[in-house]
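There are two complexes below, and they share chain A, which is joined by chain B in the first and by chain C in the second.
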Partner chain A sequence: MHTKSRDNWVAAAFVAPFVIAYLVLFLYPTVRMVILTFTDAPLIGAGKWIGFKNYQRLFNDKAYISAVWNTGYFVLLTVIPNTLLGLVFAMMVNRQKGYVQSFILAAFFLPYILPVSVVYRIWEWMMDYQFGIAQYALDAFYGERVAVFRNKVWAMPMMAFVTIWWTIGFNVLLFIAGLRNISQDMYDASALDGAKRWKQFRYITWPLIWPVTALVLTIQLILQLKIFDQIYLLTLGGNVNNTMVLVQYIYKQAFQLNKGGYGATVAFSLFAIIVVVSVLQYQALRARPR
Partner chain B sequence: MRKLMTKALATAALLALTVGAQAKETVVWWDFLSGGDGVRMKSLIEEFNKTNPDIEIQATTLEWGVPFYTKVQTSAAVGEGPDVMTYHLSRLPLGVDSGVLREITADELKAAGIDGANYAPANWKAAQVDGKQYAVPFDIHSIVLFYNKDALKKADLLGEDGKPKGLDGIENFDAALKKLKDAGYDYGMSFQTAGDGGVWRVFYSLFNQQGGEFFKDGKFLDGDNVDKAAKAAGAMAKWVSDGVVPKQTDYNPSIALFTSGKAATLMNGVWEVPTMADLAKQGKLGFEWGAVQIPTLFDKPATWADSHAFAIPDRKGKEISPEKLKAVLTAIKWMNEHSISWANAGHIPAYVPVTQTEAFKTMEPNATYSTLAATAVFDPTSKLAGVASPVYEASANNITTVVNGDMDAQAGAEGLRDELQGLQD
Partner chain C sequence: MNLLRIDFAGRLITLVTLAIAIVWAFPLYWAVITTLKPEFEVAQPGLNLLPKTWTLGAYTHVLTTTKIGQWYVNSVVVAVAVTVLVVMMGALCGYALSQLRFRGRTALWFTVLASFMVPIQALIVTHFVLMSQFGLINSWLGIVLPQLIVPVVVIVYKQFFDSVPKDFREAARVDGANEFDIFFRIYLPMNWGVTTALAIITFIGAWNAFLWPFLVSTADDTMTVTVGITMVKENFGVQYARNLAAAVLAALPVAIAYLVFQRRVTQAIMLSAGIKG
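Up next is the complex of A and B:
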């Protein structure tokens, strides 16, 4: 006999592995981290309870506020360009056929499979102020050499450029999958009605690809808010204040200055920022008519 | 069947015995020596493994600076990491404060036959915090001025003795660098103008040549020390803006500029001596080179110096076993006793008996620049100082920016002071 309570037990048994893993591996550490923000703990080990002192410090910490701005600037420079360029390249790749298509797709995707350490070496060498090959191009077109990763004006846009170069392949892939889902019939029918390329894009491709665009935008936003590796590596040993982003600031406080409590506070603030921004973005994207 | 079993068992037992007899104590070793001196260290380790069959050092070289020290700190905190590692004495107070280093007790040192009397008193003491020993010094190293003899000759800056002349005093030095540039070299001098290490070493030397005190009574750059810092940074910035020193140049390119003959001189650490020696030996340098103590540009001679030492990480919950500790200390002692080949890498051995040998006294170019030891200045003793410390980072943020012309010297010196004082309070 099937009773409702028995069903519930079976269901619970199936759900349990996930719930337990979620509680133990995610929720518990999160709660502990929030508790950490109220202490003066070092990186490893316990600390004294100091109430809201870390939070007071946070709002008066110029370096923190500049890290927030730097992160925002980086997000602005990467999220939308990376998404739109991904779509443009996907549409271009999609127009090709057979081997040509595979080859171009591979060319776009290749950087994505590189580890960040390789990406950083490639660009560090290319952009080296004395011997980098790209400096000759800069010299020719801009008129002088620029230490791009150490220059206040150039650093962030260059970081964004490297990031887009590195990660766009994945976006292209997602968009191609989306584009292939749009039936050719619609384009044929619209062509019969006299729709040109732009109209086809405006009224068929764009609305139908929108779910993928929204997905890519969301993934990008969260990813870029958490930016760390490239920026850390490319500015290693240099002027880090120009490009100090939030995760790097967490790293600095917790791992370099041994301030676990304050580092956790910065981390928690980043968590809050990501939640707020993601919710806002979700609302904004949903509000868009399909 | 039974016979077979017995045989198998006997073989296994025999095998176990032989393995037991050959059991080696492995010592996991981390260092950050990847330059010309790293090659010397690798051959030292190889020789140690050959001559000490019961100990095997398994060495890994990690990236110098922040990556090395961050890795050491996090791994020690979770009970991982090496059995022994190289450590800068400038960073010792910071290392002890963050609980990374294990004390080496007097008894342990005595049992291993390591005697503090064999080291310069100040050097030995620099390896202590609150009277406890945390490291064994290995060398003293500093910056020197490498020079291209052909270039100096062309610019009439080479004395009869084959050493540079007329470089003392900031005006003379500036003029000399211009002369070298006029003699057809891209730069009069090269040093690492991007990043933390290179700029800090030159800056700290020039600052101390004015008798400055970087850290005193809990205050950074107190009083007119900030002006001395500005003067030092300003002099460096002038070289860059005059085009006699390359702008924004990373560590390896800064050396390449010298070895390729584009820069006439190079202000860098003695650890690059083997780079020059090896290139010259292979006939790849294309000019005669030398190295001297850095000139006195201000009131008195002073040269930045630091010390490489061996330390044992305090691995939480996975402390080093007595047997392994013995092996580690044996290795440390052996390294110090054989540090003549480390002197070959440009360094001044910390182990005094080695420096008293004829072999060391006649070793070039060490013998030429070893005069600097008398006026060497070490990084301030503070939890914020040392390699890959907040002092290095603050210097990279402020002084490096000044040197590359993106900030006024006074503002940079004040920025340095405020950034460090902010961390101190």
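Up next is the complex of A and C:
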């Protein structure tokens, strides 16, 4: 009995820093957020208890609903392309050797370690209406220059493209690790049987890489639902409402309009969406392709 | 005959791969080379792959007219503090979860796992309220604290401590070592590789963090460099060379950290995604 309680004290000393930080900086703010959703509090200061009014407002708030749609649109534009392109790039890298491989991998991966504000500065410059070098490409293929980040139609797809450019290195890395776990013997044997590249991909690579694909899809989906940084930065000074996403709407309500209670409600809805979507996706991805 | 044909296709794929890689890396090159041009040259049309006049003018301008020096100090302090605290707390807690038997262990483990569900971004409102109650708005500590919740570090440490053979532990026990000795002299040193990897990736993450530092530091003096470089106002005309020079300076530490510790960085990324490499 004596040693038992001593063990508990020793363990308490080990877990204390994390547990205290967790309680104060995670659990308490989470509970507080939920409570806040039932009040009309400003960002700083107390508010009145108003029951479910914030939630009722949520469902009638056109700007909120459009933020949900915009977030969904962004997810659609990024998650699957980023995953599939990641796999394609990983297979490309995996075929190469030595310095060529290092160079190609670095080209795909280097953007990923950059801060978002640097990515923003780079693409603001690349896409500048007057001086941006990418405008030549746009001009050549589309026929005219476009102020892409201020254009209602172009803004989301371009920001999705910038996001893919920035983050694909992460997916490439995970896929390379997955590809290296596939035994070369399988490819050799199938080559002896006369299997072509496409058949090898379809019947060896794709089914065997599926667990990694599912993992990448899951990570991407949750990540992109929480999008804020690049959209906020790239549309600075433009018409923000066209591309307003959920986290941005939390920021707008709580920090710009000083509506802490309603901002927290939007935040809670994001939490709920993420839980629902991850459960659904987990169910969907458990199935393996044949 | 067949062999030759396959080889040709292979070469074509290699060429395409190289072309894509060059296009992918081009914005990085273009950004860096722009910083070395004078502003009037930046505005010239066409693809000028090298400056006609090489100049560091954009850098001296940024260094002398903005508070980037102060932002740098803020970023270093914040990123180092976050890294040390996150790794330390994660290692200690991971060790307890892996090696010690105590009341509430299972509950703690599930709490750590469940915390993945709550997006940190959803907590910005209450984090801000909390930090303002602590009086920490516009302070280093205010930027650091909400960044300390990184449950994945605990999980990674637990996995690695789980795979240390029990013999070491029992031998040390026989020699009269207590849990702290075992942790600091055996488990931690045996896993320096993991610690280095996690420290580097946490540092990069903290250096790159945008949303929270952007919300909590509103004064010019307390911003981190990643936030600061977005605040440089364009008062007149084009000043892309200057904006990009500031961006290059902001990216420098993480770019160097990556180039020096390449393999550790990639290892850490896979660890945090749940792939033990």
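Here is the rule we use: the second predicted complex is superposed on the first by the 263 of 290 C-alpha atoms of A that agree within 3 Å, B and C clash if a C-alpha of one lies under 4 Å from a C-alpha of the other, contacts with A are read in each partner's own complex, and residues count from 1 in each chain.
Note that contacts are C-beta pairs under 8 Å (C-beta built on N, C-alpha and C of every residue); 3 or more make two chains touch, one makes a residue touch a chain.
These figures come from a predicted structure and were not determined experimentally.
Contacts of A:Ile44 after superposition: both chain B and chain C are touched. Looking at the shared chain after the overlay, A:Phe255 reaches both chain B and chain C.
Judged by the touch definition given at the top, the superposed model places A:Gly238 against chain B, while chain C stays out of reach. In the superposition on chain A, A:Met33 makes contact with chain C only, while chain B stays out of contact range.
Number of chain A residues touched is higher for C, counting chain B against chain C. In the overlay built on the shared chain, the residue A:Val247 is in contact with chain C alone; chain B does not reach it.
After overlaying the two complexes on the shared chain, residue contacts for A:Ala155 are found with neither chain B nor chain C.
When the two complexes are overlaid on their common chain A, residue A:Phe131 makes contact with chain B and with chain C alike. Contact with chain C, but none with chain B, is seen for A:Val118 once the two complexes are overlaid on the shared chain. Comparing the two interfaces of chain A, the one with chain B and the one with chain C have residues 43-44, 128, 130-131, 236, 255 in common. Residues 42-44, 128-131, 147, 150-152, 236-241, 255-258 of chain A touch chain B in their complex. Residues 7-8, 10-12, 14-15, 17-19, 21-22, 24-26, 28-30, 32-33, 36, 43-44, 89, 92-93, 95-96, 100, 103-104, 106-111, 113-118, 120-126, 128, 130-131, 133, 136, 165, 170, 173-174, 177, 197, 215, 219, 222, 225-226, 228-229, 233, 236, 247, 250-251, 254-255, 260, 263-264, 267-268, 270-271, 274-275, 278 of chain A are the ones touching chain C in the complex. Those residues of chain B whose C-beta lies close enough to touch chain A in the complex are 65-67, 70, 73-74, 77-78, 97-99, 194-197, 246-250, 253-254, 256-257, 316, 388, 390, 393, 396-397, 400-401, 404, 406, 423.
Residues 9-10, 13-14, 16-18, 20-22, 24-25, 27-28, 30-31, 34, 42-43, 45, 47, 85, 88-90, 92-93, 95-97, 100-103, 105, 108, 111, 115, 117-119, 121-130, 132, 145-146, 148-149, 154, 178-179, 183, 204, 207-208, 210-211, 215, 226-227, 229-230, 238, 240, 243-244, 246-248, 250-251, 254-255, 257-258, 265-266, 269-270, 273-275, 277 of chain C are the ones that touch chain A when the two sit in their complex.
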